[in-house]
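In what comes next, chain A is part of two complexes: it sits with chain B in the first one and with chain C in the second one.
After this line comes the complex of A and B, so read on.
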């Protein structure tokens, strides 16, 4: 039972992080290498605000807003002028953002590890089927589920989502219809960046906060996005839970084989279903 | 051959020889003493590099920033806790004229640097990497380690196991050659002493989540868990062990899993964790007091294990170089190989000529709550092992 809870919590944390990446990747076609750096920035901001105010919730909110604002600025000032150019310009730019964000974090908070204590209300443990489970892990699962439903409704059932999908498939037509495709793209990038920051803030009490966070998670994040299918929120939820479970089962029975298992799954998917495990292949005439 | 041609040949040889000697004299007497520092400023061991830099800076400042009458210059490079960048950056530093290399943090990086230093005949000082292979007899004439070996730390961990009368131990070992070797030694010796190894896991270095392993340990009938890990791996595991109150039912210890930096990153869950300690600011001797005062004055904090070891090694090395009175690197190496540091910040240290490993006391500590001006969580040294209990004899 604990293995399932741990797997779900790992999966939901991955979902929170990967959902922002798949939004940006799937809707805008931008491969944002700096997504991990935004996750790290979110963790540091949450740590700082929680420490100063004693409020974990405030840390969560401020971290999301700061990273969303950073995302807005990145898209408006640096990425937008590059959309007409080949993709590798965007890759190099977002890679540059990793260095800039990392240096800014290093300058502000230094190199040492930071610790965010568990919020008091979520600090305890409960015993389920003979296993001691931290309440915070259950919170992560529930929180991730709520965010996934909210995102699904926002993208699939709202006017905003309709505009985003329209701008994603034909920005020119959206522009002719009187909608501002540039603003929609900006909003999507900001939302994706904000989700990265939110994931960092949620992860802060679980892990030591350090500069390496930026690079350690980004590979898992891309794996989830590829398995889930670009821009497919439901796919990302399923892929994140799948990876979370693979890791939980792997750590239980063969910890040194976990990475091999994860990457084998990725290779098998790329070879057999390159559109993702949870997306339908795109048909063309 | 005519006498004239012979004379011209001799004259040419003399001129060439004179030019070489001028060039050598110039090379032997540079404008600065240039140190190439290769440390981890990012990656799993990223927490150590900056503290090492701070310790070295104090060692340099305390001697007026000069050695052999020339100013000391240091260039710092980040190896990202990986051997490949360590090799690239060391090669560049040596090409730029570094007269010695300091570092790295991870043993795999240090072993890679050792090879380059050996090929290029550049002295190499190690103050944190603990892999025993770094200082085996014949490893390298140019590499010296002034800090602990994993061997002495695993012996202290074994002694702790026996002292605490632990009977069932669970091992968590970073999937890394040095830690696997160390675990194998510990496992065999512990079993000889009647200790049952109830489980062992080998998560990869830089693992991101240990909650499943923590759960396995919690469900086992082990009375303790020994961690052959360090850096962010140890911090993450102990932090996640705290989330299920593992320390209430099992003792958590390891050869080198805790100091003030790690305890601060883990929080109160680290209280009661036992670990080997390489250096500690509370060591009571005049040299350490002088260093701690200078460090606190400059950085407004107590020196960490990494800072103290870096300071001690560099101060020792620079004193040895000064005493030689020469810029000949071979003479520095010869002098260091037979040096004794009576007034080290960690007490007496003696460089062993056979393997270039400094013999020294071993410190064992426990994380306890600290009182002002100490950090909120600090290491308390609970046992000191003399060198003859924790070092094996050196066989050439």
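After this line comes the complex of A and C, so read on.
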């Protein structure tokens, strides 16, 4: 039972992490290499705020806002002039942002590992179906589920989502209809970046926080997003849970081969179904 | 000034600097910097065959650098091979690895190509870092890589090793220049500009990409052998995907797809790094800002931009 809970909570964390990346790719066609750096930034901000004020919730909110603002700035100042150019310029540009964000974090918080205290209300364990489960793991699962439903509703059922989807499929037409495609793009990038920060803040009490997160976590992100199908939110949910489960089972039975296993899964998927395991052909990017 | 004369002028400038440097200074610091520049230039030239000439963004070139480095370290350390034989083995191994990479990565295109190369190289990083510890020394790497000894001459001192690298650097630049000017080089440009059209003209685009990857891997293998010898050790950081990012930064800063662009980019990168790291410990971030601004405002790189200006000035003349 505890293996399932760990797998699910890992999966939900991965989902939170990857949802922003897939959102940005699906709507803007941009692969944001700096997504991992934004995640790291979110974790550091959450750590700092919750240590200063003692409120984990406030840390969560501020982390999301700070990374969203960073995302807005990135899109407005750097990415916007690049949309007309070949795709790889955007990919490479966001690589530059990893360096900048990492150094900014180093400048602010220094090099050492940071530990974020578990919020009091979510500390401790409960007994569920006869096994002991940390409350925080359950919180991560529920939080991830809520965010995935909210994201789904926002994109598929709200007017904002309709505009976003319209802007991604035909920006010119949207412009003619009097909507500002540029602002929509900006909002989407900000939202995606905010999700990265939120994921970082949620992950903060679970793992030690350090600078290397930016470059390691982005690989996990890519694995989930590619397995799910780039730009496909539903696929990302499925892929995240799959990877979370594979990891949890792997840690139990063959801990030193978990990374190699996930990478092999990724490469096999990319070669046989680059559109992703859970993607229908129509939505493939 | 025509583009060809511009390239020639840069060649003379760089050649003169390279030859004059050991006579102008006895200071090993500058020679080491120049060595680093030449070796990374070889790597960047090899990388740019894939990136600039054919237009594929490989995020896996760190693998070829690391692969060659480890081959040289292991063969010279454990099996007592000479540096030259190990270098040959490193080039062969890096070419083979590149060929294997291309077998996987060329099945997809565009961004997916970048991601497959990234995933493959990261897999190799994990293997070297934790799985094959007995072979690779894990995170500590392997120390004590030797310097070349050719025809009974010991190239151990920085001065001597400098000339060894100068010769190889010259050969690589000449080979890349000839390759780019050859009919094959023209077809590479064709692939970069319009893949489908090139295919329809009857060229085997997939084969061309594969050969380019193989050559690029081999050149990277040479660079890696020299780098391992210069630093006298190898570690997994050479294989990490951020190393691939570094070579992309260098190439783009100088100008991708031109002969001297990658070299100029390496010079700028190393000089900026040297200067900035003396100014602030956050030099990598400042370099990131420079890189971002360059990507937005000078997509052709500073040498590419200079070349364009020089060529345009000529066209205006009646």
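Heads up, the rule we're going with is that the second predicted complex is superposed on the first by the 278 of 285 C-alpha atoms of A that agree within 3 Å, B and C clash if a C-alpha of one lies under 4 Å from a C-alpha of the other, contacts with A are read in each partner's own complex, and residues count from 1 in each chain.
In the analysis below, a residue touches a chain if its C-beta (ideal position, glycine included) is under 8 Å from a C-beta of that chain, and two chains touch if they have at least 3 such contacts.
Remember, it's a predicted structure, so these values are computed and weren't measured experimentally.
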Legend entry - Clash or fit, chain B versus chain C on superposed chain A: clash
Inset, instruction - Based on the superposed arrangement, let me know which partner A:247 touches: chain B (first), chain C (second), both, or neither? - result: first
Inset, instruction - Give one of first, second, both or neither to describe whether A:125 is in contact with chain B, with chain C, with both, or with none. - result: first
Inset, instruction - Have a look at where A:8 lands relative to chain B and chain C in the superposition and call it first, second, both or neither. - result: neither
Inset, instruction - Report for A:256: first if it touches chain B alone, second if chain C alone, otherwise both or neither. - result: both
Inset, instruction - Return first, second, both or neither, reflecting whether A:103 touches chain B, chain C, both chains, or no partner chain. - result: second
Legend entry - Which superposed partner A:24 touches (first chain B, second chain C, both, neither): neither
Inset, instruction - Scan A:193 for contacts with chain B and chain C and give back first, second, both or neither. - result: neither
Legend entry - Single chain B stretch clashing with chain C - from 24-32, 78-86 or 132-140: 78-86
Legend entry - Contact residues of chain A, present in both the chain B and the chain C interface: 102, 256, 259
Inset, instruction - Show which residues of chain A lie in contact with chain B when the two form their complex. - result: 2-3, 6, 9-10, 102, 110-115, 117-118, 125, 130-134, 136-137, 206-208, 210-212, 216-217, 220, 247-248, 251-252, 255-256, 258-259
Inset, instruction - Under the touch definition given earlier, write down the residues of chain B that touch chain A in their complex. - result: 41-44, 46-47, 49-50, 175, 201-204, 206-213, 215-216, 218-219, 232, 235-236, 239-240, 243-245, 261-262, 264-267
Inset, instruction - Note which residues of chain C are touching chain A in the complex, please. - result: 55, 57, 104, 107-108, 110-112, 114-116, 118-120, 122-123, 126-127, 130-131, 240-242, 245, 248-249, 252, 282, 284-289, 291-292, 295-296, 299
Legend entry - chain A residues touching chain C - in the complex, by the definition given at the top: 31, 78, 81-82, 85-89, 91-93, 95-100, 102-104, 106-107, 215, 219, 222-223, 226, 230, 256, 259-260, 263-264, 266-267, 270-271, 274
